[in-house]
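In the two complexes below, chain A is the common chain; its partner is chain B in one and chain C in the other.
And then the complex of A and B:
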């Protein structure tokens, strides 16, 4: 085996890489760490912010090593620096198209194109819109998907948070530093957040949890003024005065680049085996974008380690 | 030309906007809405939006971090 052929690149204009990672969340950056330590010439493409969606989380409390919690922004920065330390090149550009029918694979970006011998897809998920009347109209006019960005706009106001999973409840707790009152609306008859978070909202006088309800509409003139809430058991609708609504009602996979090229499950997530191999040889996937039963930073890290290791084996021809 | 950048301490897109301006040696005045709640109200009135980052200069207002738009309006190549 030739241990010297794939030196890590320091140039930024290079047109061919041994490995390309699309997405720089925990999965992509972990894969980069493993590839970098294997001296594989690796590029990471990130269209928004190095660190990925993690950087939007106000406080991460379930990632080992940080019992007191760490801000998502800081954790994302630590992951990014770690990947860069082992030589990965991060390009802040969007990948616009992939050609997986050629060897090496072709990658088109908003800043030119390049080729790569293998690709790891770690594009993650986006917040799902709830698809009710006037939702689009009020985005950034009361409706937000990022409490860490926009919560201060609702100082002293009533706010609705959609979804009582970990994200919704954690962000509601953060918003309570600003808002007068928060109603968490959950379509199921129970919250799905961790019990420790449920304890915190139960102790927070500013927060009420409304289960078995959905948001059925948004109302207002220039800005959001109120939210219609429907009881899923009797269809009764009531209107809650709220100038802010934060939506954490699930996720959709960011699969645009490969939806016609790889096997996806019925919900649009990339199907992989336990080695993070997709339906196409040389293409791996890791993190929230794949068919994993549990989408967490910790699980994405595990996926990224496997994907990085398997990509290395693929490049070196190791079975 | 004075560039005003409205941010929130914990907002990752604001961090990116700040880094972009610094990387291109563009001077700007930062107003953090979590420290100055009045600035959030003022911003909502000025832009008709409830989101940060916001960049204001001349007659331009850019809501969110839009690198291409910033490059075009600030004539950065």
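And then the complex of A and C:
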């Protein structure tokens, strides 16, 4: 059993900060490190757990420095401690509303409100639902988006994983520690995961990969019992018995706070320039929430460094 | 080195020193003659925690002591209840390991202080509740969303003596999880009947509890 700890809330009732970061994933925490080293008074808001979505990942193998891999939980903890080390305050509360039309900007949270001279949005993405019949009905009743949370409930059962990208395949490998059999369903005619992960599922007797197939429906009484799988080439449907289905079929941006306040692209991601500046002066964005071509921990770290540095320049009036 | 790293011990000593303004008791009900690693590690962890501040102490009881279990209003074993002279029912059925360790630390800090981080209107509404409410938050150790739900439930118990809040390790209490239809966490069960899933904001948490009571 693991007993390590992360600071979750300072309990501070401070009312004004020079910089506020919303989201404590790799992008937000890196920005905090750069701001902290520049002696900028910084607060980070996190509604789940410091470390952000990374803490959901069973094993991270493509982040430099950890050739043998590191658990997402541990990596998130290391990032968090690093940000704290340079003085950032982490508040475990959800931001509920932003007012970007005033100076300083107003931030409302579930625990009160405060103001900040600049804001870095690093709210990331959430897993996308696939929008097929009875999906909503079986969410939390067999359908899950978090393997580290829910895989143990499917010990000895058949499970379907939707999506053969890195996330789907990596989580399928983790779920295979519990489930009897896993079918990965991929709509394309090839998996999009890294070849090294493909090698692993090919060697895993518990996992089958079905390309050119989509999930067309979920079936069951009170809980999920089976999944309809459709062949996209001939429309043939077959039914697979499965008590669990884990969905990793793309992402949606967590843009609720700013969707009518900043320029977004057609998919809802925040548009930034190469300096991570958004359409509003003093508001920066970094990581998976912005219009980036590749959403990875490593790219989020790069975004965070630029956003932190640019926010510092903005606060100091350096052009 | 013990179960808690030197770095974490240092941090916890500071946190407890800043927050524990009253005596806090960690009341551990252990299984009779349990020699499992689960039980040994739990005891080791709690002993290490209790040694970090003079206001913190560990009391061990046996689940076989039914009168004592009843007196503490506990129904499952093992159990870790955090007590002080502050109103509140903060309990853990099973071990708060992994992400849940933070919930244990927060419960100790809350019980030893005047901390309450709930919105004013939620506090006002919670005070009006007159029926007994038993909140069980089913968790798994790998769930990053669960500590938030456990903390909200525990904080609710600080506002109204009719509210009892317990974390439940869904893997350890597997039969109970199946019986309650838990297949995703955090799964919150109210009065052993209905419930909801997710780490939701306090005002939504309260609405869902009220809904479950209707």
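For the reader, a short list of remarks on this structure follows.
Assume the second predicted complex is superposed on the first by the 308 of 319 C-alpha atoms of A that agree within 3 Å, B and C clash if a C-alpha of one lies under 4 Å from a C-alpha of the other, contacts with A are read in each partner's own complex, and residues count from 1 in each chain.
Just so we're on the same page, a contact is a pair of C-beta atoms (placed from the backbone, for glycine too) under 8 Å apart; a residue touches a chain by one contact, two chains touch by 3 or more.
None of these values were measured; they are calculated from a predicted model.
In the superposition on chain A, A:111 makes contact with chain C only, not with chain B.
In the superposition on chain A, A:94 makes contact with chain C only, while chain B stays out of contact range. With both complexes placed on chain A, chain A has more residues touched by C than by the other of chain B and chain C. In the overlay built on the shared chain, the residue A:51 is in contact with chain B and with chain C. Note: residues 48-49, 51, 55-56, 58, 73, 92, 140-142, 144, 146, 148-150, 152-154, 222-223, 244 of chain A belong to the chain B contact set and to the chain C contact set alike, using the contact criterion stated above. Contact residues of chain B toward chain A in the complex are 8, 10-16, 33-34, 37, 40, 43-44, 48-53, 63-64, 67. Contact residues of chain A toward chain B in the complex are 48-49, 51, 55-56, 58, 71-73, 76, 92, 140-142, 144, 146, 148-155, 222-223, 244.
On the chain C side of its complex with chain A, the touching residues are 3-5, 8, 11-12, 38, 41, 45, 95, 97-99, 101-102, 105-106, 115, 117, 119, 140-148, 170-171, 177, 181-185, 187, 197-199, 201-203. By the touch criterion given at the top, residues 1-9, 11, 47-49, 51, 55-56, 58, 73, 92-94, 96, 110-111, 139-142, 144, 146, 148-150, 152-154, 222-223, 243-244 of chain A touch chain C in their complex.
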